[in-house]
């Protein structure tokens, strides 16, 4: 079975019209997303067709990250919007229960305690049957004040995730810095997420926590030499007796949303096949056609199948096995 | 000949005491670096010995980037400090004219026009005989307001660099964001530099401009699939008829400061050997001993020599030829 | 003929999905509104049917004000959005050229010079055939720094409007103050617009300028006693020889979007029928059914027709004549 | 008996010299208001003469609102000043106990808890014998951060007012926004006060609370059609089953400080005579002579007496009865 | 003849009531100071009596500094107030032309160019006959951004003062820092004024400029050892060949408002009798009775007369001669 | 015995290189000061030689104040640096236990509670054997927000100092205001410290507290007439029955770091010899050679010995006795 662990809700355009209304209304009028079953069925069917075209059996759907707007005010606008996303995902899953499962957006709002997001986490898992969460590590969306993932700010979330036995897919949202597009900011935030998680004590304090880093871990696998050396260098705060960086790195999981064979090879060889989950977010960042191959950049299944240095067991882990371990609440049979 | 294009001044500790004095004095007292010839000769000799130990013939020396403090106020403190760095580099070069050449720091100050830095650029090239510049693309040092490299802010600098026929090594300085260490910020800023340079019209307007991106280009070569697809995707602002990203990328040069064989392989195969300059910044970020090899992470000459997929001509370009082309003012004979 | 001078584009929901995309994309991807002719024809037809149901012959369409987002950054997001609105209005007008005419949104962006909006003003009038503009007097959208209408900031706009012979409908946009909904802010900004225009020298410097204030002039007609007294009171900066406030007030025009008979009566008696333009913005703020009448609050034609104190000539001015004078570019025959 | 419920202390000019001293001294020197009995007697006599000239029997005196300066720092300057105002009112009342009663200013300071003002409220009612309070709903004075009246911030004040059985006259103070004069800001703040009080749960939680809105309720009675429709419109956050806006509005009281017959008529017909209190704040905003009548704009008694649509019982309520109900601590016999 | 070069307008309290009105009105209503000739004559007579009681023949009157409010906004409030002060001083001088002369307040407004103050300077000298100016070196009043006196900001003022041949008395105004009272801030600002004037090139560029520093020069004469050493110390930016600090200091003038014999002795011996002007600002900071002497602290004439180390010529300079030189426009005969 | 109570660590230049590293590293790498015993012994010997040259027996060493950087972020950088200073002082004392004693720097960080500094206070006294503390009253270093010494913020520190029986030497650190050099800011902050301590209730609440003000008390002894009068003047917040200022002032101690005989004379005569501690901070602010004497400005022992108005007992107190009382933990025998 091929499980795409990094996929996003495909919603009718009107759903984003609702988002525009929420923002323009400034939190005074909640209104209604107004997505009919008919419109949703149509967009869901399109998605299933896309999956079929590349051989994906199951997609784990979370909200479109760059639309999550966790830095907008007042907070209730964010809550309403994230809830509407999770509701729409749940309706989509209900239409195709063997092809989709839900990964919840979380209303972690810039400047507010993370505990504000826990009721929606509970609702998504316990009422809507979701199997994981999508987590934006930068609720300020590029304005620079978000607490890094090693800080105490996040502890209540880690604790609840462990209790509910759900993992988080790290994926930032919008970017208002004026220096990066949201897409470029994704990579920056994933790098910060990896490095701050590893230098803190998160995995010591929350041993049951499972974190997947999107897009192959940002810059970290490529820049690993830098961090391997630093961990061991006394003049840079390291120690020759420290746990080596490449070992620390394997506390995390990574998806394969890299759209490039050489990069995937680097990823698998650096973190190991047992830490990688198949992901394409198709349709999404890689759906353009690669003129060299005639296939889309995000058609990664044949790419991975063609890699000689991977064993069949490696491929099974990447395509399905790791997702089964990391998302134990996922119950779709193979 | 082995030319290390990315190396930093090794100064006696008292030199940084001078930096501390400048900052503490708030720009009221300029004082004097107070580095004696004797002390400098000692540190220069140490550096030469390090070079000899790994087979480097020539190092291109620029100031220690993380000490550049371009966001400190008043501006004159930055000017005094950068000038003192360039002076010390010039004295070091004068002690070993066949082993070192100077790459100038630039006093581009947060919130001030880039033209303020041009007199020091002129002095460094015309009076001190420097062959290139080190350029911090984020003078605000992580506080978020620096103009990106595609903006008009930088045009006067590009113009003067072309006139003087010197390249820039992109390398950020400190980081005060509270979310990244300066070292992590290097990677972020290099990625932003590459992506903003390519989406702007800098190379169209300044065709003679030469830019080297430190540390193998940040995250970009690893994340290239993302940008290849985006450039061609109409829904992401792209166009199937656009120049492909991997071609655009070859407008830039990259150094090899990656400290990891797999990453170097990815870099060479992605951007081509003719765009890569040997660099180790030894002693620096990679000088810890790799327990697996017993050599330091930054001992990259044997790593590159051992790569079968490179031709001898490729290696010659990486070790020397590209540096000769990019730094035409470099006059040390082989 | 019944001309509704204050009406807004009725667009398919997907159009606002485009707005959401623009915002989330941070100005990096312009994208495409993606409104098909079919979808637009459907929404236009709905609008025409609404007009028919209440006897409106012509509507002057401007963008939905609360969606105008002039305080969003970067500016190009605002420009793209306003242009898309004007384009969609033009397409709607083209579908029903005897029932609609265009009133342009203007990309006056918070913190940027008003001259940035003039190219779009020119395009709307000269290329798209629009007959007036909708003007948000608070581009900062409730954050408090917008220059008031008596300040020099606005002069280039007044000048160009006079040259093009088009009037402005004053209508604010969103509100981010946290103290008012956008709807409440409309009233506040209309009051500020009236009072600042009258205390400045705008009409002396731009004698050909024509300004219509939405929603019956905010609070001003109701609070007129306060301003009548102030204008004449030396201890409040007035002078008994000043032009009386009620005379000054008649330099402006007002629409009838008040949804309440007593308020309309106060308006007509205070400013005169020759300064009032029929407006309902139907469907809009007053479309709820009034349980007392069974008609919608914004079904104002019968309300005005029933007012004994108005002459037939008064009614003709309100329903059509004043609009003809104020919008001389309006060419739909009666 | 004619009770003017909205009147302000007439103080000798030197009293405001004290205010200037407090501000200039920055809170370091408290000093002394220095108003002699002789000077105060003179100004009080002037006030009584003014009352006699228009047939007012009793005035309820509160501090001059635009001088209240609740946004000045440090807070102690505000406390000293408000206390001095209340003291001076008490002295004035003592001089003419049958003509005046006190309505207390409150030192609610921008950014400080409302509880800081409660000791002065207690002192004014229990020690000075005051019968109500004047409440500035915008302690930040136009700088935009004041909590609206529906927020919990204000609960301790509502609670104490109910315990003491005193009402509040809503009346804002200065304005530093640069967009409105203090006088224009009064109207804006009254509108915000009405709308936020009605959309919150204040009257449900504090059923004994009595609030009078100055100047005829800002813009709300005139713009009522807008709010009537919104309350019933589902797409604007309303519901056809909601309590109708005009009913909600009658939870509040309003004064007659409108200076214009048509506006008074609109007010009485909209909220009902039983919710209106006679007020003129004479001498004040309406004391200029109306050239059309030869009387001052604020000579409202004959205006109201001439209104045919009011019954005698209505007039009695407006002139006296409502004030008796709303200010039960007022003990002056008719 | 005894000339008190540092004295302030004694105005009726109502004048400061006008100041309060200006501030509260936010610049919307200019109003009128409302000081009658009768009231002014009374306060002027009081002042003359005070002068007679201590033997002062002439006072040079400037506005009360701590009331100058140069940091208030909008600027026009400051202009109106300073102009009103200068007008009142001119009226006072006109009442007693042989006892008073005018020293003008200047509307140098925080954040605005100093040239804005020049029209009032011209008016004061050319129309009102004033002989000098009072200069607040900290228009931001303790909020920290005022340009120091060595900066170019002040050049237009120096230039005009030289043209008009008038000196400036350095005297700061209010203080909003929360760390100092306005009175304590006077001393701080005088110290900063002395030190910045001496380290800049003001007296080189404007050789005809004459500056008197209030209150005996702040802390500088007492702390002179520190600055004498610094000027000569290379490691503190000095040079043994520099002009010695005590010589530089004599480019300035100082008044005697120190209220303490030992301090006056230190001042005279440090800067020389030829640089000191008799000043008491009586009635003012020193008017309390000294229990040890039974005289007020500011009764300085007998204190100076009793100093043996001064020659008669020294005393003549202090009491009259230096004032004659520094204020050449002063024409009162002895 | 001659005890210099105000002296600073003389450290090798490399120690300040460590400071530069800490700042540039942004708190990510603690590193190591790297001061060898050999280098420290050399600088300590230089210091002893300096003491011998002017007859000083003992110096109480605290960190160089202008390097203390309490406003830098993150706080841990400040803590690491202050701890390193105290460690280096302890090592210096250990090398010359009869010539030096330690006075601790305190990591009071801008914006953080003073209690954060108490562990280092405890360590310095209990583990390192220090005898007092050096206290910067302006942790914001000229940016304007530091709580003054009369505020509750400081109470936990006063309490612990009393428990440990150690005094504080008031001495500010750097200055970032752009208006004063750090050296000028010292004088400003000492003046503020004196005046705020005296107007608050610190000595009433902490009767055992001992405070020494550096540099002869800033401006206060020279400006004493001003404060003597204010304390007694009702219109300035005083009272004729108040404790006189000169008596209040004697609750504090002062050092003699004035470098000028006349100023020292003023100090001794104003506060009394029993409140003055010999201090020179040699080598430091006064070490330049006075061309008039041929001695350095800070060679104060002969200056004081030559003062006729002091008794031998006075001199003993100044040179040793007062230090013994104020620093009871100082155990070096005479």
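By written order: A, B, C, D, E and F. Residues from 1 in each chain.
By definition in this document, contacts are C-beta pairs under 8 Å (C-beta built on N, C-alpha and C of every residue); 3 or more make two chains touch, one makes a residue touch a chain.
What you see is a predicted model; the values in this text were computed from it and never measured.
Visitor: Fewest touch steps from chain B to chain F?
Guide: Shortest path length, in steps: 1.
Visitor: Among the remaining chains, which ones contact both chain B and chain E?
Guide: Chains touching both chain B and chain E: C, F.
Visitor: Work out which of D-E, A-D or B-E repeats the contact pattern of B-F, with more than half of the residue-numbered contact pairs in common.
Guide: D-E
Visitor: How would you label the chain E and chain F contact, same or different, if same means the shared numbers make up over half of all numbers there?
Guide: The interface is built from the same residue numbers on each side, given that over half of them are used by both copies.
Visitor: Name the chain whose C-alpha centroid is farthest from the C-alpha centroid of chain C.
Guide: Looking at centroid distances, F is the chain farthest away.
Visitor: Quick one: report the Å distance separating chain B from chain C, using the average Cα coordinate of each chain.
Guide: 55
Visitor: Between chain A and chain C, what is the gap in Å from one C-alpha centre to the other?
Guide: About 44 Å separates the centre of chain A from that of chain C.
Visitor: Of all residues in chain F, which are in touch with two or more distinct other chains?
Guide: Chain F, residues with two or more chain partners: 28-29, 178, 181, 183, 236.
Visitor: Between which chains does touch occur?
Guide: Touching chain pairs, listed by label, are A-B, A-C, A-D, A-F, B-C, B-E, B-F, C-D, C-E, D-E, D-F, E-F.
Visitor: Using the touch definition up top, name the residues of chain B that touch chain A in the complex.
Guide: On the chain B side, the touching residues are 143-146, 148, 177-181, 183-184, 187-188, 191-192, 195-196, 215-216, 218-219, 221-226, 228-230, 232-233, 236, 238, 240, 244, 258-260, 262-263, 266, 269-270, 285-291, 296-298.
Visitor: Considering only the defined contacts, which chain F positions touch chain B in the complex?
Guide: Residues in contact with chain B: 12-21, 23-26, 28-29, 34, 66-67, 69, 73-74, 174-176, 178, 181-183.
Visitor: Report the residues of chain E in contact with chain B in the complex, numbered from low to high.
Guide: Touching chain B from chain E are residues 235-237.
Visitor: Would you pull the chain D residues touching chain F in the complex into a rising list?
Guide: That would be residues 28-31 of chain D.
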